[in-house]
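Common to both upcoming complexes is chain A, partnered first by chain B, then by chain C.
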Partner chain A sequence: MNLPIPFIVLLAVLSLAGTGFYCLLFTRNLIKVVVALQLIVKGVVLAFVLAGHLVQNESLAQTMAITVIVADTIVAVIGLALAVQIRLHTGSLDLKALSNLKR
Partner chain B sequence: MINILIACSIGLPWLGALLVWLIGDKREKAQHWAAILFSVAAGAAAVLMLWHTSAESGLTITMGGVFGDFTFIPDGLGVFLSVIATVIGSLAVIFSTSYMKGETQIGRYYAFVLFFIGAMVGLVLTSNIMLMFFFWEITALCSYALIAFHNDDPKAVKGGIKALIITSIGGIGLLLGALILYVYTGTFDISVFIAAPSAVPAGMLAVLAFGFLIAAAAKSAQFPFQTWLPDAMEAPSPISALIHAATMVNAGVYLLARFFPAFKDVPYWCEAVMIVGMLSALLAAIMALTSMDLKRVLAYSTVSQLGYMVYAVGAGGVFASQFHLFSHSIFKALLFLAAGAVIHSVGTRDMEKMGGVGKHMPFVKWVFLIGALALSGIPVLNGFWSKEVVLEAGLAGGPSWIYGVMVLVAGLTALYTIRCVWKVFFGEARSDYHAHKVEMAMKVALAPLALAALVSWLAVGPFSTLLGTASLPQHHIESLNIAELVHEVLTLPTLIALAAIAIGVVLWLLRAKLEGFVEGLRGLRWAADHSFGFEAINSAVVRVTNSLAETLRNTQTGLLNWNVLGILAAVIILIAAISLGA
Partner chain C sequence: MIDQPLFTSLLLLPFLSAPLIYLLGRLSVRKGQDSGMKAARLLTLAALMAEIVLLVLTVKGAIGGGSVQILVGLEAMRFDGIGLILTGLVLVLGVCVTLFSIPYMNKEKGEEKFYALLMMTIGSIIGLGFSYDLFNLWIWFEAMAISTYFLVAFYNEQSASLEAGIKYLVQSSIGSALVLFGIAAIFATQGTVSLEDIWQYADQLGTLGALGMVLMIVGFGVKAALVPMHTWLPDAHSQAPSGISAMLSGVVIEAGLIAMLRVVSMTGKMNGNWAYILIIFALINILVGNLMALRQTEIKRMLAYSSLAHMGYMLFGFGIGFGFGSGTGAEGGFFHMLTHGLMKGLAFMSVGALLYVLKLVKGDHSSLKLDDLNGASRKYPLIAICLSVAVLALGGLPPFAGFMSKWMILVAGVETKNIWMLVAVGFVGLNSVLSLGYYAPIVNRLFKREQSEVVAAAYTRVSWMMSLPIMVLTLAVILIGVWPLLTDFILYNGQYFLLGYFFN
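The block that comes next holds the complex of A and B.
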C-alpha cells in the first residue's frame, strides 16, 4: 500500500484534532482538558505545515507554526496553573465543581 | 496658530484631568486651583479661536488606514460651541470650588469634568464622523460618571445608568450613520458629504437622516427619549448646569444643525424634526408645571427649550436655533448654578420646603430672577430675542398649527417659571431651614452669567457673521445686525407671543380664583406626574430585557463539554455551507 505523504499527514491532522475534540467532549478532568487542547493544537500545527506545502509557501507556514507553538505553550502553562489553583480551592479537578461560578 | 489653539482647547482640559487625579485627594486646595487653571486656560484658547474661524482644516492628524485623517475644522458653528463649552465649563469649575468643598474624592469629580470639557470641544470641532462618535461617547461616559458621582446613593447610580443607556441608543444611530457614510463616500469626512449629499442614494440618505434624528433626540433628551434628563438631576448642581443644560444636551441640536443642508430635502425629515421639537417642548412644559423639585423643573424646562431649538432646525432656521442655543446656555447655566447655591444653602431640592429664600440670599434672588425672566422670554433679555427669532423662523418655514402650539408653550414657560421663582424666593418660609451665606466663588461664577443674560443678544451681529458663509458655505446664513434684529422681531407674531407670555403671568397672579379650573385639569396633572406614560414604557423595556436574560441564562450550562459541542456543531455547519456553496 503506497499512500502519498500529504494524505498521510492529513490523516494525522484529522486523528490528532479528532482525538482532542473527543476528549474535550467527554472528559471532565481539568488536566485532561489541557492535554486535549494540546492534541488539537498539535494537529493544527501539522495542518499549517501541510497547507504550506500544498500552496508552495513553506516559510509562511513555518512562521505560523512557530507562532502557534509559542501561544500554545502559554495556554498550557496558564491552564495547568489554573488547574492547580482550582484543585487547591475546590479540592477537586472536576469541571462540574466550577459550574457554580455561574451565579 | 489655529492648530495650537485647537490642540490647547482639547488637550489642556485632558491634561488637567490627568493632573488633578495625580495630585491626589489629600491636597484638595491644589486640586481646586489646578482645575480652575486648566479650564480657564482652555476657555481662553477657545475664545482666541473666534478670530481664526475658517472653513479649512485647522488641525489634521494623519491616522492612515480605514480611519482616514482626524481633521478639526474651526468653522463658526464649532468654534461658537467650543467657546460655550469651555467658558461655561470654567465658570462651573469656579462655582464647584465652593459647592464641592469638603466632598470626598474631589479628584474624580474634577477629572471627569475636565475630561468632559475637552471631549465636548473635540466633538464640535472635528469633521471626521468616526472621531465625532468617539467624542460623543466620551461625553456620555462623563455624564454618566458625574450623575452617579455620589455612588453610595442608589438614586444617583440609577439615574446615571439610565442616562448612559438612553444616550448610547442614540450613539448607535450615529455609528450606523458613520458606517453608511463611509460605505457610500469612501471617507469619514463630514464636510465632503455635506457639500455633495447626492453621493448617497436617496433611500440610504433617508435612513441616515432619521438615524441622526434618533441620535440627536436621545442626546438632547427630546421626545420620546426625554425621560433621562430629569433623573440626571441627581448630579451635583454645577454638573447639571454644565452638562445637562449648557453643553452636552446641545450636541443633538448641533448634529441636526450641522447636517441640515444634507438632509433638508429628505421627504418628511423636516416635518419629523419639527414634530419631535414641538412634542418635547409641550410635554416638558406641562411636566414643569406640576413638579415640586426645583432642579427637575429646570430639567423639564431644558427639554422644553431644546424642543424650541430642534423645532427651529426643522423649520430651516439654523441661525435661529443656534441663537436660542446661545441664549439658553447662558441663562440656563445661570439658573442651575443659582439653584445650586440655594440647594447648597437650604439643604433640600423640594420647593414645598422653601419659600422666602430671597430674604436670606438677595444676590442669588436677583440673578435667578434675571435668568427666569430670560427663560420666560420677557423683553429685553436675551431669551426674548432668541425665542422670537425661533418663532419667526417657525412661522416662515413650518405649518402654522405647530407655530400655534409653540406660542402656547411660550405662555406655559412664563407660567411655570414664575411659579418656580415665587415658590422658592418669595412668600413665607414653609419649613425650618437655615440659609447660609453665599461664598465669593459662587458670586464670581454667577455675576458674569447674569450680565450675559442681559446683554448677550447685542452680539447678534458678530454672531451671525460667525455662522456666515465664510465658515459654513452650505448653510447660507445671512448676517444680521442689531437694528435688523429689532426690525425683524417687532412684528405682529411677536405681539401674539408676548400676549401668550402675559397670559401665562396673569394666570399665575389669578391662581387663587382659578382653583376650580385647575381642579378640572386633574387628569392632565396626573398624566404629567407620571411623565405621560414614558416611565412605564421604560420600566416595561427593562422588565422584558431582564426576563429574557433570565430565560437565556438556562442555555449557559457552564459546562465545557456542551460549549465544545456547540463549537464543533458550528464548525461542521460552516464547512458544510462552504463546501455546498463551492
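The block that comes next holds the complex of A and C.
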C-alpha cells in the first residue's frame, strides 16, 4: 500500500483531535482533561504544518505552529496550576466531586 | 493620516505597564509596606488615562484619513471604527473598574497580580479590536483568555471560584482549538491569513473554506456565549471578583463577538447566507438567557444569564445588518454593545458594592442572594438607586440607554419588510418585556421589602472610590438614553467599516 504523505498527516490530525475530544467527553480526572486539551492542540499544530505544505507557504505555517505551541503551553500550565489548587482545597482531582455550582 | 508611533504606543502601553505594576506591588508586599501597592494602583489608573489620551489623539489623526492599515513589527493591525468602539468601551469601563477595585480588593491576597492582569486583559482586548489578520486575531484572543483565566479563579481558596475557573479554562480552550482548526482550513485553501485577501477570494474558498468559517464562528461563539456553548458563563461571571464580572460581562464576551464579526464580514462573496445563522443563534440566546435568568436566586448569576439575552439582541442587530444590508441594524448592534457594556458594568459594580459592604467586609465569600437585597435602600440609598437605574435600563425602559439601543435594533428589523423578520421582531420585543419579569422585582426588593438580616447587620459605609465610578456610569446611562446622538459618530464609523467590507 502506498499512501501519499499529506494523507497520512491528515489521518494523524483527525486521530489526534478525535482522541482528544473522546477523552474530554469521558474522563473526569483533571490531569487527564488537561492532557486531552493538549492532544487536540497537537492536532492543530500538525494541521497547520499540513496546510502550509499544501499551499507551499511553509515558513508562515511554521511560524504559526510555533506560536500555537507557546500559547498552548501557557494554557496547560494554568490548567495544571488550577488542578493543584483544587487538589489542595477539595482533596480530589475528580471533576464530579467539584461540581457544586448549580445550573 | 494616522500617526504610527501614536497607534503603536496605544497597543504597547498596557503590556509595558503591566509588569511594572506587578513588580511595584510585589516588592512592597514582600517588605510588608503599603507604599508600593499605592504606587501600583496609581500607575494602573495613570496608564489607563494615558491610553484614553492616546486613543483620542489617534482618532484625531485618523479623521479624514479613513481606515489605515499599518504594520506594527510584522503584525498587521488596522485602525478602524470597529476597533474604536471596542477600545473606547474597554478603556471607560477599565478606569471605572480600577477605581472601584481599589477599596474592593484592598488587602486581598495577590492584589498586585489583580491590577497587572486587569491591565493585560485591557491591552489584549484593544489589540483584538484592531487586529486585521486571522492568526493575529487568535493571538490577541488567546492573550485575553489567558489573563482572564487567572482573574476568574482569583479567590484561589474558594472551591467555587476554582470550579468556575477550570470550567472556563476547559471550554474556552476547546473554543480556541476550534478557531485554530478553522484558521488552518482557510489557510489550506488560500495560503494566506490576511482578512483582506480572504475577503477578496472568498468565492473560491469551497467546502473546506466553509467548514473553516463554521469552525471559527463556533469557536469564537464559545467566548461570545452563544447558547449551546454558554455553560461556562454563569459560573465564571458570578464567581469572579465583582469588578472583573463587570469587565467579563461588559467587554470580554463582546470582544468574542467582535472577533466573530470580523470573520463573518469576510464571507461577503461566499455562497449561502451566513446572516441567518447569526439570527437563529440570536433568537435562541434571547429566549434561553431570559428563561434561565428568571429562575435564579443569586443576583450575580441572574445578571450573568441576562448577558446571554443581551448577546442575543446584539447578534440580532448584526444579523439584520448582514442579511438585509441594513446600516441601522449593524449600528443598533454596536449601540447595544456600547450601552450593554455600560449598563452591565454598572449593574455588576453596584451589586459588587453591596456584596462588599454586606458580606466581604466580614470575610464571608458566599454569594449575594436576591433575598439579601431586601430593604437595602434604607441603609444604602445611593447604591440602591444606581442599581435600579441599571436593571431598568437593562430591561429596556424608556428614559435609559438600553431602551434606545433595543429600539434601534427593532426598528431595523421592521424596516426589512420581511414577514419572518417581523415575526422575529415581535418575538424579541416580547422577550424584552419578559426580561422585566426578573429585573423589576429587584427594584421592589430594594425599596419596598423589610430589611433582610444581612442588611440590618451591616454597618460599613460605601467608600467614595466605589460610589464615584458607579455614579459616573449611572449618569452615562441616563445621558445616552436622553441624547442618543452623542454616540452616533463612532457608531456610524463602526457600521460603515463592518458593512462596507461585507457588501463591496
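Everything that follows uses one rule, which is that the second predicted complex is superposed on the first by the 100 of 103 C-alpha atoms of A that agree within 3 Å, B and C clash if a C-alpha of one lies under 4 Å from a C-alpha of the other, contacts with A are read in each partner's own complex, and residues count from 1 in each chain.
Just so it is clear, contacts are C-beta pairs under 8 Å (C-beta built on N, C-alpha and C of every residue); 3 or more make two chains touch, one makes a residue touch a chain.
The model shown is predicted, which means the values in this text are computed figures rather than measured ones.
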item: First (chain B), second (chain C), both or neither touched by A:98; value: both
item: Which superposed partner A:26 touches (first chain B, second chain C, both, neither); value: first
item: Chain A residues touched - chain C or chain B, whichever exceeds; value: C
item: First, second, both or neither for A:37, with chain B first and chain C second; value: second
item: First (chain B), second (chain C), both or neither touched by A:55; value: second
item: Overlapping contact positions on chain A, where the chain C interface meets the chain B interface; value: 24, 33, 95, 98-101
item: Complex contacts: residues of chain A adjacent to chain B; value: 21, 24-28, 33, 95-96, 98-102
item: Chain C residues touching chain A - in the complex, by the definition given at the top; value: 135, 139, 142-143, 145-146, 149-150, 153, 156-157, 159-160, 162-166, 169-170, 173-174, 177, 180-181, 183-185, 187-193, 231, 235, 239
item: Residues on chain B engaged by chain A in the complex (per definition of touch); value: 556-561, 564-565, 568
item: Contact set on chain A toward chain C in their complex; value: 17, 24, 30, 33, 37, 40-41, 43-44, 47-48, 50-52, 54-57, 60-61, 64, 67-68, 71, 74-75, 78-79, 82-83, 85-86, 89-90, 95, 98-101, 103
